[in-house]
Amino acid sequence: MSSTDPNQTVSTEAAPETAPTPVDHEPETNDSPPSKSSGWAVFLFFMIGFVGSILSGWILFPELLYSKKDQPIDFNHAVHLDMVSDECNSCHYFRDDGSFAGMPDLSSCVDCHEEAQTDDPEEIKFVDEYVTPGIEVPWLNHSKQPDCVFFSHSAHVIGADMSCESCHGDIGTSEHTRVFEENRLTGYSRDIWGHSISRLGKPEAGEPLPMKMNDCAKCHKEETGHKGACFQCHK
Amino acid sequence: MFPFCFEWAWDMSHVVFMGALWYALSIIGAGLTFAIVKSVFDSAGGGHDDQDPGHH
Amino acid sequence: MKIDRRSFLTYGTALVLGGAAGSMLTPAPWKLTDDVAIWTQNWPWTPVPEDGEITYKQSVCTLCPGGCGINVRLVNGRPIKIEGSKDHPANKGSLCPMGISGLQYLYGPSRVTSPLKREGKRGEGKWKKVSWEEALTAVAKKLAELRENGRPQSVACITGSDRGTIPNLIGRFLTAYGSPNYIRSANAQDAIEQAIYLAQGKQGTPGFDIEKADFILSFGSGLLDGWGSPGRMFNLYGNQKPAKKIIQIEPRLSDTAAKATQWIGINPGTEGALALGIAHVIIKESLYDRNFVENYAFGFDDWTDDNGKAHDGFAKMAKKFAPEKVSRITGIPKAEIVSLARAFARASKPIALNGRGHGSVPGSIDESLAVQSLNALVGNINKPGGISAMPDSNYAKWPEVNIDEIASKGMQQPRIDGAGSEQFPNTRFLLNRLPEIINSAQGESPIQALMVTDANPLYTLPDTAATKKAFDRIPFIVSFSPYMDETASHADYILPNHSYLERLQDVPTSTGISLQVTGLAKPVVKPLYDTKHVGDSFIHMAKALGGFIENAFPWDDYEAFLKETLNDQWRKFKRKGVIEIEHNLPEPLAYTFNTVSGKFEFYPTARNSATQKENSALPSYTPVPIEGDVQRFKLVLIPYDSIRLASGYMANAPFMTKTVDDTVLKNQIGLLEINPATAKELSLKEGDTAILTTPKGKATVKIHLYEGIMPGIIAMPRGLGHTAYSEYLADKGTNFNELIGPIEDPTSGLDMAWGIRAKLTRA
Amino acid sequence: MKEKNNHKHAKRYGMVIDLDKCTGCGSCMVGCYSENNVPFKTDETNKLDSINWIQVYKITNGKPFPNTEVCYLPMPCMQCDGVGKHGHSPCVSVCPAVATDYDYETGIVSQIYTRCFGCRYCMAACPYHARKFNWWDPVWPADMEKYLSPNVSPRMRGVVEKCSFCFHRYQLARDKAYYEKREELKENEYQTACAEACPTGAITFGDLNNKSHAVYKLKNSPNAFRLLERLKTNPKVYYLSNKRWVRRAGDNYLAHEEPAKIKQKVNQHH
Amino acid sequence: MKETPLIPAGVKRCSTWQFSLWMTAATAVLAWGVYAMILIWWKGLNQTNMNDAYGFALWIWADLAIIAIGGGAFFSGFLTYIIGKKELKNIINFAVIIGFICYSCALLILAIDIGQPLRGWFIFWHANVHSMLTEVAFCLSCYFAVLTIEFIPLILENPKLNKKPFLHHLSHNMHGIMAIFAATGVFLSFFHQGSLGGVAGVLYGRPFAFREHIFIWPWTFFLFTWSAAACGPCFTILVTWITEKITRKKLVKQSVIQLFAKISGWMIITYIIAKTIDTVYWAFVTAPGMGFTLMDFYASPTYNIGILFAEIVLCGFIPGLILITKRGRENSFLLMTAVILAVIGVCLNRWVMVLQVMAVPVFSFNDWYTYWPSWQEVATTVLPVAYGIIVISLAHRYLPVFPQEKELNPID
């Protein structure tokens, strides 16, 4: 802009003359040796910051972001799956109006667990703390979508004939509950974002699929050829 | 905004609009990078490369 | 490497820059940006309603006497919405805004959540939570004390309805206790039912077969503004509108008038004259039903009584009401009166109705009789499309009450309100007279203890100032209200009833319907708070009082009482939720009347003619007096009822108030409707603030210009100006009852005021 | 918006409101509030910051007493199809973040509260004032949060909301249809809350494309009109009135213009 | 801390305490605005008097207006770097600073104006490319980046900063490729000024705003760009004049001002002719087609036909005619009158396109909508003014903004 202005160049070049005192520390003085080494030091500090933040961003940050909670009861899906007649549907069933009941309530459990059937401490805890006083178990739902989402199980399971495993992974054959990781800011389960903090790469076989909107949209686009309307999944 | 965003669609309006946007952004980015990199070299080179200031 | 201030700054900057650059290559900033946005989408203070199984429960709405069937939607047993029940014979799925907002009463901020004992001064709002045991014992103790002093008659109870088992249970309690002062809140039914009783000799709820009528002549009845059973009226209007002609006669273009085939503006209080004018034309042109009038009616022609005294008949009296004269009185053009009379008489199933607005003010007996006579002229009595007296479905058969001596003495005392006295022999309840009687009593108040349930007299009685003064003289007031209404907030004890969705109750359907239907209100949810069924409270108190009173209540609780009452019908009732008794009398029986003459009496001999003009019991016309000096108060203020405003003992739900237009209420000030021509004379503009003065009170109002109101008349809605409940209701607009006083009908003692003189001055 | 219509049997859900039957009782408003978790404040008399998904206007013919007439006019979101091809409704095209969208399967204009960031451009675009802004955080006093429906998510401060034709009821009906392995919904399976709440049956709701639905016949009545048709918003809410002045009040006309003729002209374009 | 090394050599500045006093006053106003801003962010938009009928109000007007009057930056860049009017180099620094102030405030106001500021980035991430607002947001932020880039070398010319070789070189190198940035800025500006015009023009549900056929595209777009290009320089001239009055110094040679004013004058004249054509078509074809007469739009006491007269004649043709005539330009009173009128004109145009659009009733049974801003809205709208004063004061004091200053004000 002011490149035609001779005063500007003059003023910078004249600077050492008008202010000769601080020479010794100025990195800009061209030939003073300390400034060269401090150049490397600057670079070093830059790299310390650079590498430090990369490490903390990738390793520390996910640890801090999620709080870890145990399920109230260590539930064994595998054992139950062996005993029921209608697979997942036996406990996670559809109601007559087509809505999905989700987590079973106590009434589904009471038939068998009126009293503890084994000496499994978890079962005894379940009976003592929940069944006998009639308190619903506060299960932590790994797949819980926020309130703004309407998810139709019947559209997917009945309409599109999808299996439970295709989204939820092999939880049905698990013998123990997983640790529930909750995002401290949003309250979402980590499963929604996906276990990989970068969301890069594919989930391993048997792992539940991530369930952010983009994940839904991707599959919808592949399966139906269009991304669908907002109201299809929002309420 | 990016092709991997949910709302992205490859249609004419996206190509025109986003094209213009990315074009502007890349010019700004490239120009800025050029200026910074050149200044790093200029100042590291110290008095050796006087070419540019000399042109004033 | 020396670290001084300058290099520290440089290295620090390098570190920060490096950190910033590095973090860009990690998920942290991006994920945090996203998560912060998601946090705004799930703010912890934005509620997340719990999901679950959707179920429905049927019940009956008791928010007004309409008794509509409701269908409550529940999620995991939690009521979330009320819709009309398509299975109920009265409303067939239609429901008014009040009924739909019902859950706001259940969960609302004005609920009384436990028994309360007054702490500070009356109405100060300082309460102490007490246990049920303590509260009931305290009330029973007070009642026992009054009985011991030999004054059981000084206990009075005000209820909202006198039909169904709950009012009957309370009545039984008072009888056993020894007080005749069971008082039901007034409504239009009082005058109409009395007129029917006088003309037909039948005591019963008036039934209007609007379903089958094809020409409806409404003398100010707000048929679509909340009259009778609103659900029923809306349903009828929607389904049968094209087949019906509706003529609406009132000074203001109400919602009913707006939807009517024709609206006729009339000077307020002159409706009786118009009815007689119409009768005049019908008789003069011989358009009346000869068969009915000649064979089944008495007093149409002149007659001579047993003592040889000659009396004028109805026809002769109607002769005095020529259209010219009626036109002068009513302000309706003569030709319009004539054509209206012809259309009415020539319609195949015409019906004439009265009872203004919601029908909460009784009105004049003369007017009711005149309207009744119109129905008789067209032979429209006790037949499809006509009017009839509906006998109460008499399912309450309990053992006789044995009473002790104190009670017997108390019961022999005259009723405090004067109902049933020599002066008002045909009237059952006269709540409107109570404040004046208490206020004018020398020394102690004749009422020493007052119990109030399903009623809010401190709000609904005309002349609020006088009512409040009277209440202040009553030493002991108990409210059973589930809500902190005006009366409850002035009580000494509040023994909160369950809200209507939590309690069991039989609900006979409202006035006006020509079906005998009784609904069962079943609890759709377990009581949310520490409340008690009012029936249980009375049974509990009876047991505490002991002796004959206890013996009159051999039931454990209200449910046992209801079960025994309904006897063999209980199971069917419980299953279906509704008992319907078709009121379909065979034709010949329809024209049997229990009057002295055994006929329909145009000349109601049972009427106390001593108080009447020329000592004749005939329905004559005396203008309904309007209080106030004509010179000082140049305008006439009338109230209007709206379906969006509850004006009875139940107040508006927040949702209803939300629907109220800004031409009715703006900020906290009510708007007054005035004809633009009248406003111009007073140099008032739309939105101006003005002071409205009547002989009874003063209010600040805003001006709303409305072409749909007669010049010289101003109108404001009833149902505003509450002082209690919650911030969603209190201090909004003016309570019309503060501006008007009651005017006693000389024959019945009932309140017939529908307007008062007023003036407007710029604020 | 350019997306192709992939649905062979696309619906165009719409409404016909018979103004001759509407008594102005307000049940539709209250029914809507309670169905859709609409919040309320202590003072709702400023109608310009009061959230109503359907608002009943009171209009008069302007004639002096005794020739005055009143008509009540309930106004939900018109779910405009917009100029030209479907989907270019006034609001959808202006939303910068796709928080409002046109659903080609049903013709319903959606509003996603969690996407909306509150720029209010859609409100400026909508001539019907159907869109309402959450100026305040919603508050449900006492225990009123307990009556909230889980089928409609409560809105937070700072976003726009509007009538959705009770879309959640469509979702629930679809759920049931999937469960019963049906492709199509029956007419009565999906009804809006206002249509159900209207005690006089003035509101009829259904698929405007489906000849067997009641709305199909009603919309072709000579007494049918739409609001502000001349703006080419192409609304899916029709009105019926046998009163000429009411039909005229539904749009703007120059003194000499005849509504019926203008209507014909406008509809030719569609 | 001694100030002397910070002040460019060869120029005279007021004393430190005088400057501090001046800055304190401006900061106080700024603080008031910031307080209101925080209040709005904390409590939400209920702090404003906007409502459902007036969803766009004072802020959006302020936004549109400051973007229009900040148009001097892109237009002077266009004239200097693309057309080659080298004389304008003597004012372009200042134009850039004014532009920078206007655009940073425009972005800030947008951030205050939206109901969910923490989700504001959705406009970029989930962009709907059909929305005018998306276009505005993209171009606005890109152009703001350009303005920042244009401003940075000037900042680096501060004597103290310029001593660091890296910064010195950076400033130099950025200057070297400034034409490219300027060209990009012009391109972006043309776009977003135009799309701001489109913001109102596409509202086909609002008969007052809507235009048909070519009058929507490119006409409304063109009108906004053109008016910003026409009136932006006037604002630059006006602020220069004010700065000169306050500093009691001549900062830019009159010949430069004259040239700038002359170009602006021709721009105004051409713009207002185009605007007149647009208005006539709208009044006689578009509006009647929707059932409105012209007077329906001006039937309120506030929005009467005088508004149209003021916009087109008083603040359009009159300043335009003054500026294109040599005698008009050379008379300093007429020149400043014209400049002020032109600035008012463009602000009035933006006002009408935002607030009157909202006020006009669309239904035959509705009344005019009225709105009066709350103090919070006023405070946040005044905030940019205080911020602008502060930035200009700092820039003038510490940066070599006006190349001709030394020559015009030699120190003895």
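In this document, chain identifiers A, B, C, D and E correspond to the written order of the chains, with residue numbering beginning at 1 in each.
Simple rule for what comes next: a residue touches a chain if its C-beta (ideal position, glycine included) is under 8 Å from a C-beta of that chain, and two chains touch if they have at least 3 such contacts.
Please read these numbers as outputs of a predicted model, since none were measured by experiment.
In this view the innermost chain, defined by its CA centroid being closest to the centroid of all protein CA atoms, is D. Pairs A-C and A-D differ in how many C-beta pairs touch across them, and the larger number is found at A-C. Comparing mean CA positions across the assembly, the chain most remote from chain A is C. When chain centres are defined as mean Cα coordinates, B lies farthest from chain D.
Taking each chain's centre as the average of its CA atoms, chain C and chain E sit 63 Å apart. Centre-to-centre separation between chain A and chain E, using Cα means, comes to 44 Å. Averaged C-alpha coordinates give centres for chain A and chain B that are 34 Å from one another.
Computed centre separation for the pair chain C/chain D is 34 angstrom, with centres defined by C-alpha atoms. Of all residues in chain A, those touching 2 or more other chains are 3, 27-28, 30, 97, 99, 146-148, 227, listed in ascending order. Along chain B, residues 5-7, 13, 43, 46, 53 each make contact with two or more other chains.
Shared contact sites, meaning residues of chain D that touch two or more other chains, fall at 3, 46, 50, 98, 113-115, 137, 153-154, 156-158. On chain E, the positions that touch chain C within their shared complex are 116, 118-119, 121-122. The touching residues of chain B, counted against chain E in their complex, run 1, 5-7, 13-14, 17-18, 20-21, 24-25, 27-28, 31-32, 34-36, 38-40, 42-43, 46, 52-53. Those residues of chain A whose C-beta lies close enough to touch chain C in the complex are 25, 27, 34, 37-38, 41-43, 45-54, 56-58, 61-62, 65, 95, 97, 99, 101-102, 146-148, 183, 185-188, 193, 197-199. Touching chain D in their complex are the following residues of chain A: 94, 96-99, 146-148, 150, 152, 154-155, 158-159, 224-227, 229-232, 234-235.
Within the complex formed with chain B, the residues of chain E that make contact are 124-130, 134-135, 138, 142, 145-146, 149, 165-170, 172-174, 176-177, 180-181, 184, 187-188, 191.
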